[in-house]
Every structure is written in C-alpha cells, then in structure tokens.
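Look at the two complexes coming up: chain A is in both, with chain B in one and chain C in the other.
Right, the complex of A and B next:
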C-alpha cells in the first residue's frame, strides 16, 4: 500500500505535488478553526476586539510580519540569485582555457570579472577550432575597459550566439568598430578610446589613438555582458602591438579562420558543439596538461550547492526567529487576554457558554497570526525585490526574486503551527475567575 | 592418512567458499576491483550512491590508453532493468538528465563520468543499494564489453572513496 501511494505520488506533476503539500500544511489550521468555531459566530466580537485594541494588535501583526518576511525574503532571494547566475551562464556551453582555476576563469570569461590569466596559444586555439563537431570556437579576449565597461575582443559569430540579432545598427566589420551591450551608455556613432586594464589601475593612455566607434547595440541578456563593449578580437591584438590573427595577405579579415602562426593568444575560448554529447567528448579531448576545459554550468552548480548549504543554515536561523517571535506573540496574547478579561467575564456573566469565549479568543489570535503571515509574505516579496534590484545593479546579473511554492509552504506551516499553539491563550482565558474579573 | 584427509577436506572447503557473498540481484559484499581493462582502455573508481529508489547514477573514470578513439555507448547490469548513458545538464540552474547516444574518447584522453557531467543511469533497480555493496555493471564500448565493479558509497557521496589514488 505505501509503495502504491508512493508510485501515485511520483506520477503527479510537480505543481500538483506542491499544491497538495500546501493543503496538507494548512489542514491543521483549517481543522482547528472548524472544530473551535463549530456552532458559533465569534467574528463580530473578534472585529470589535481588533478595533478596540488596534494599536496593540497592529504591533503584534507587525512583529509576525517581520519574522515571516525574513524567512520568505531569504528563500526567494537565494532562489532568484541562483536562477539569475545560471541564466547569465546559459550561453557558455564549454570554456577552454590555459590550466588554472575553473572558478577564476568562469568569473573572468562568463561574468567578466577582471582577472590576470594565462593565454592559450595559436596552436591550441587551432586544435580547438578544427576539432570534430565544433560549431563555434570563439576567442574571448578581455582585459581592456572603458568607464567601467569591459572591452572584450571576440568574433561576430560569438555576438550572434550571445544575443541573436542586434537591436540597432550593424555588426562590427573592422578594427575601430564596436558593439555595445544593452546597458552601455553609448549611442550608435559614439566614439571612445579603451583603457588598458580596468578599475582604478587602468592605463587610459596605453591605447591612445585607438579610437573606436559604436556601430551596433546588442539585445539585453540579463548578464554582465549587457555592460560590455564587444570589439573584433583582431582590434584587441592590434592595440596591444601584436599580430592580428591573420597572415599579412588576409590582414583585413575579421573573425575565423585564424592563422595559428599569427595568433597572439586568448585567455579563453567559448566552444559550442553541434550536439550535446559532443560537448562531453570535447571536454575530455581538451582536458590536457596544456588546456583546461570546463562547463560553466557545472562549476556554478558546485557553487550553488555550497550556497545551498549556507541557505539551509540561514533558513534554520529564519525558522528559529519565527519560533521565537511566535513564542513572544503568544506570551503577549496571554497578557492581552488579561487586558480584556473584564469583557470576557461580562460575556460569561451574561450567559455565554465557555466554548464561545474560547472560540472568540482563539479566533482573535488566529486573525492576528493570519494577518501577520500575509503581511509578512508581502513584506518578504517587497524586500527581496529591492535587494534583487540592488544586486542586479552591482553585479549586472539580472536577479528576479519571485514568490514560489517553498515560500507558500513555509507560511502555511507557520500559520498551522501558531494557530494550533493559539489554543493555549484561549484555554488560559477560560481559567480566569469571572467575579474578580468583573470587579477589576 | 587421516591427517592427509583432513587437509584435503579443509582445502576443498576453502576452495568452495567464495571470497565474497553474491546475491541474485547482481550485488556482492566484499572487495571490489578498482580497475577494469580492455584493449588498453581502463575504467577506474566506479561508484554510485546508496539509494532506496529504483534509479541510480554510476560514475567512473575512463582512460583511453589505446591508439584509437573509443566510444562509450551504455551498459547492462543484472541489478537493473536498463543502463543508459546520460548527460547532466545544468542549464537554468537545475540539473537535468539528458539521454546521450554515445561519447567518443580520443586516444590518450580521459572521460570522467561524475555528478557534474556524465553518468550511466541504472533504472529499474532490483534491490536497494546499500553503502558498502558492490554492483556489477557491464560497460558497453564500441570495442566490446567491460565488466566493472561499482562500489556503493554513502547516499550523499560526492566521489569515490579512493578518488585521487592512482592504480
């Protein structure tokens, strides 16, 4: 029987499984509510209690909202960051570079973080470009910049692979022409001179005279490449006083094939194969003592799994915070019930059954908890949206935090647990003596 | 005479008891061979993770020491109803298994089947895999079949316990 159930469960669509989990998590709260309020209509009285002590109630709701928002914001933010960084690396199937650190190379070639890395020579590049099943072997030559935008040398084929058709203008066709990323503040026709290096240490005079004009604009990619300026790799070599990748008789050519004898070197090569299986074969072929081949997606997954461990610790901290706040709120409710003990005693004196008073107190506590949880959901969403925008601004990686099932599950579990615990102040209110409370 | 008979009996007993016990599901519990070799092609450090599920991923290192390209195609095992070559694709941030027809390995190259790239996927496992078990898998290459002892590591293992040792 359990196996049958397990099989049935595994056959369900993921969204259905999540919806079922949500209902199961909410079920204790719903059942408790039905059981406690059966036969009574406590809401009118609850409404008046909420209004009478509105400021105190608002404080309780705000406390719950902050603790719930923390948990929701954390999980939504982490997921947004994970998806954003993965999306930014999606176009980079396989990177081949000189041996070294995969992570350093991934940050440099995929996320355009400045880094000094060794170069692959012409023979190595030629071996990659002419290998079986290679559809695209694009040099990615980074190191120069202009006002914070990395200037990257590559081929027209790489630009097409990265963003498809240009949104404006045309592809670079000669040294001195450039394509601007979607977030680069340079219009078509604007001219600039790249600096050697990046950041504060950049040498602005090193490439004096190498004036470059923007001739096209790329579509947005949601990656640091939106802030990059792409130039022919030949131009990068030429401004550094090197051969331009082609024999003298073909010196005007832009893009492949390159002549190994005139190929000065490139920090990285993006490799795309015709079929997925060929990517694995190429990775194996170019994992040698002279070349390093890696899948940025796999390296990123390793980082994400590390992030996942941190997320678990942080989620635990968020849950502990929620539990602490809940304990505080419930203690507060016990005190609050004392505040309106005279009214409850009056109800009892008027002949209201004990269970009705119990239902009123529990419903009152549950409304506060539910309102706090919903407000917390909104607060968490808003906070993660603001943080995402800030991360996107700082890293140029489009991070979009959105609410999903894990957040709904977290809140459903929190609501169920706390409304169940709210039975406690309701029970305590029943034990209060009627006559002294009436006199108080 | 009696002494000779006793020695013969104990020798016979020793020969008839296998070095490890094996069950019908193709598992055995004992020392696994870390290296399998066929025509200059070696498979080392084959491992999988302990699981109660009906599926498992098998990882190993394939070293092509021959002078021609060798193609990894898939495999067979008594412990599973099917063995297929899969790629682990991380596009979109989630690991997704993609069936692959084959992966060629150039002479002198190594192909690493690991949790971040490639695996042989066992489906329809006949019994749960417990840490310490050894599963026999016949790896299918274009040049023939290679019997490999796959060691079952912990359910959350990230590599073979002997990874990094040279054999």
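Right, the complex of A and C next:
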C-alpha cells in the first residue's frame, strides 16, 4: 500500500505535488478553525475587536509581517540569484583557458568581471579548433572597455551563438566595427574609442585613433553581455600592436580559421561541441598541464551548492526569528486579550458558552496571524524585487524575484503552527474571572 | 416568555480567601414581579444580583428559578440558563462600540442555536423601534447615553428572557434620560410579564418597583415574602 501511494505520488506533476503539500500544510489551520468555530458566528465580534484596537493590532501584524517577509525574501532572493546566474551562463558550454582558477576564469569569461589571466597561445587554440566534434571555438578576448562597458574581441559565430539574430543593424565585418549589447547606450552609427583596461585604472589614451563604430545591436540576454561591446578579435589584437590572427595574405579576414603562427593569444576559448556527450570528451582532452577546461555550469553548481549551505544557515536564522516573533506575538496576545476582557466577560454574562468566547479570541488571533503572514509574503516579495533590481543594476545579471511554491509552503507552515499555538491565549482567556472583569 | 418565579433560600456568597460577601439570605419573587434592591455602595447589592444570574462562582444555599436550582448547576448549565432565561442590563451599557445598534441588540444571535438566530434579530429590530432607536444600522459609538442604554435594554430582551436583571441601569444617565429609561424598562417588563430585579440607588426607579429589598454590610435586611 505505501509503495502504491509512493508510485501514485511520483506520477503526479510537480505542481500538483506542490499544491498537495500546500493543502497538507494548511490543513491543521483549517481543521483547527473549523473545530473551534463550529456552530458559532464570531466574525462580527472579531471585526469589532480588530477595529477597536486597530493600532495595536497593526503593530502585531507588522511584527509578524517582518519575520515572515524575512523568510520569504531570503528564499525568493536566493532562487532568483541562482536562476539569474545560471541563465547568464547557459550559452557557455565549455571554456578552455590557460591553467588557473576555474572560478576566476568563469567570472572573467562568462560574467565579464575584470581579471588578469594568462593567455592561451596559437598552438593551443589551433588544437582546440581542429579537435573532433568541435562545432564552435570562439576566442574571447577581454581587457578593454568603454565608459564601463567591457569591449570584448570575439568572432561573428560567437555573437550569433550568444544572442541569435541581431535586433538592429548587421554583424561586424572588419576591424573598426562593433556590435553593442542590448543595454549599451550607443546607437547604430555611434563611434567610440576603447580604453585599455577598465574602471578607474583604464588608460583612455592607449588606443587613441582606434575609433570604432557601432553597426549592430544584440538582443537582450539577461547577462553581463548586455552591457558589453563586441568587436572582431582581430581588432583587439591590432589595437594592441599584435598580429591579427591571420597570415598577411589573409589579413582582411574576420573570424576563423586563425593561423597559429599569427595568433597572439586569448584569455579564453568558448567551445561548443556538436553533441552534448562530446563536451565531456573535449573537457577531458583539454584538461592538461597547458590548458584548463571546465563547464561553467558545473562551477556555478558548486557555487550554488555553497550558496545553498549559506541559505540553509540563513533560513534557519529566519525560522528562529519567526519562532521568537511568534512567541512574542503570542505573549503579546495574552496581554492584549486583557484589553478586551470586559467585553469577553459581557459575553459570558449574556450566556455565551465558554467555547464561543474561546472561538472569538482564537479567531481574533488567527486573523492577526493570517494578515501578518500575507503582508509578510507581499513585503518579502517586494523587498526581493528591490534587491534583485539592485543586483541586476550592479552586476548586469538579470535577477528576477518571483514567488514560488517554497514561499507558499513556508507561509502555510508558519500559519498552521501559529494558529495552533494561538489556542493558548484563547485558553487562558477562559480562566479570567467574569465579575471582576465586568466591573473593571 | 412569561416571567419565572424565584425562591432563594439561605443564599450565601463567598469571595477570595473565604471572605463572606453575602450572609445567608432568603426571599421569594413571584413570576412577573418587579423587585428593587437598594442599599449603600459596597453593601452587596450587585453581589446578590450576580448570584441570581449564576455569575458568582462560590455560592451556597438555593437559587430556585421556576424549579431550576442555579446553585447546583455547572458553569455550562448556568451559561445556558442565562442564554435562555436571563436578560442583563449594566450600569455603563457595555456595548460593542464598533457594532451597529442592531448588531449589539442581537448580540446573542452570535452564539445562539441556528434556529434562534432569525427570531432574535427580528425581535431586536422590533425592540429598537419600540424603544425609539431609529438609527439601528449605525454604530453605537455616536449614540448618546440614553440611546445606548435603550440599545442595552433591547439586547437584554432580544432573546425573549423570563427574567431581567439590571445593575444600576440609570446610574450613567442624566435625569431626563434616566426617567425615560425607567419608563421603557418597567413598561416592557410589565407588558411582557418578565420578572424584573433591579439594583439601584435611583429612587425614581425603585418607586416603580412592586417592592424593594434592602442590603447592607452583606446582609439582606428586609427579607420579604410576597
């Protein structure tokens, strides 16, 4: 029987599984509510109490919202960051570079973070480009910039691989032409001179005279490449006074094949194989003492795993915060119930069963908890959206905050637990003496 | 419903630490009779009234309302008795300020059995009209003291009780409002045959009662059998 249930469970669509988990998490709250309020109509009185002590109630709701929002924001933010970084790296199947740190190289080649890295020479490049099953071997030459946008030398094939069809203009066809990323504030026809290096240390005079004109615009990728300006790798080599990758008789050529004898070097080569399995063979082939091959996705996965550990610690902290706030709120509710103890005594004097008074107090507490949880959900989502926008602005990695099942599960679990615990202040309210409260 | 007769025998009330709040008291009240309870402040008048309502936790003796001895009842049974047979009016109205006049008058509908909800609401509406509360759909927070107490009377009578217990019902009202309240309360009680017991210092109210009991220092000074 359990195996049958397990099979049935595994056959369900993931969204259905999540919905079932949500219902199961909410079930204790729903059952408690049905049991406590069965046969009574406490809501009018609850509304009255909510309005009567609205400012105090708002404070309670805000406290709950902050603690819930923290948990929701953390989960949504971490997921958005994970998805955003993964999306930015998904076009980078295999990177081959000179031996060094995979993470440093991934940040440099995939996320275009400035870094000094050694170069691969022409022989190494030629070996990669002519290896069996290699469909694309594009040099990625970075190091120059223009007004904060990295200027990257590469091939037309890489541009097509990265972004598909251009949204405007045409592909660069000669040195002095460039393709602008979707977020670069340069229109077709605009001219610029790249600086050597990036940031405050950039040398703006180093490439004086190397005027470059924008001839095309890339579609948005949601990655730092949206902020990049792509030029023929030959242009990068030429402005640095190096050979342009081709023998003199083919000096006007743009893109592969390159001549190993005239290949000045490149920090990284993006490799794409004809089939997925071939990537693994290529990785193995180019993991040598002279070259380093790695899957950015795998490096990212290790980073996400580390982030996951941090998230678990932070989630634990968020849960502890929620527990503490819940304990505070429940203690506060016990005190708050004293505020309207006279009204509860009136109900008892009018013949209300103890269970009705219990239902009023519990419903009141539950409304505060549910309102706080919903507000926390909205606040967490909003905060996550703001932080995501800021991260996107600073890193150019498109981080999108979204609410998903884990957040709803978190809220449902929190609500179920706390409305169950709210039975306590309701129970305590029954022990209050009627006559002293009536006279208070 | 018609009023219930009351037979109180050797009723004692003790408070915290065994302190005697009301020494043995015995008296009878006929069904439909209006009784005033008077005496100085702190004498035990309200203690007696709350004992008759089944609200005092530590009572001895007998509180026999038409054959039902409240002193023997459990807490839940006393609550049910109040819900079915007793209407209460308090000195400072004790209304839910954020509810309408009708919401307050029909308050007991919130915990009444389903079949009693409609009759309670209908009776509350009729009582408010009869008592001249025209703004029955307005929240009572804008009402005058007199209007509030009339809403409280409607609440006390909405479940058609046999007994009305009033604790200083005119104490928070000015003279004119108090006189109107006294008229409303006693007229309604008499016309509907309710047994009315009112604790008060107000001579105008006590004068409208069939007779009065006097309490002083926790003793019923003038046990009176009709």
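The rule is simple: the second predicted complex is superposed on the first by the 440 of 440 C-alpha atoms of A that agree within 3 Å, B and C clash if a C-alpha of one lies under 4 Å from a C-alpha of the other, contacts with A are read in each partner's own complex, and residues count from 1 in each chain.
To be clear about the criterion, a residue touches a chain if its C-beta (ideal position, glycine included) is under 8 Å from a C-beta of that chain, and two chains touch if they have at least 3 such contacts.
None of the values given here were measured: they were computed from a predicted structure.
Annotation for the three-chain superposition on chain A: chain B and chain C fit side by side. Using the contact criterion defined above for the overlaid structures, shared-chain residue A:13 touches neither chain B nor chain C, since it reaches no partner.
Residue contacts after overlaying the shared chain place A:51 against chain C, while chain B stays out of touching range.
Judged by the touch definition given at the top, the superposed model places A:276 against chain B, while chain C stays out of reach.
Looking at the shared chain after the overlay, A:313 reaches neither chain B nor chain C. In the superposition on chain A, contact is made by A:350 with chain C only, not with chain B.
By the touch criterion defined above, A:4 reaches neither chain B nor chain C.
Residue contacts after overlaying the shared chain place A:41 against chain C, while chain B stays out of touching range. With chain A used as the common frame, chain B approaches chain C to a shortest CA-CA distance of 54 Å. The part of chain C that touches chain A in the complex is made up of residues 46, 50, 53, 55-57, 75-76, 79-84, 86, 88, 90, 94, 96-99, 103, 107-111, 113-114, 155. On the side of chain A, the complex with chain C involves touching residues 39-42, 44-45, 47-48, 51-52, 342-343, 346-354, 356, 433-435, 438-439. Contact residues on chain B toward chain A in their complex (touch as defined above): 87-95, 98, 100-106, 109-112, 116-118.
Residues 82-83, 85-87, 90, 276-277, 279-281, 283-285, 287-288, 295, 297-302, 304 of chain A are the ones touching chain B in the complex.
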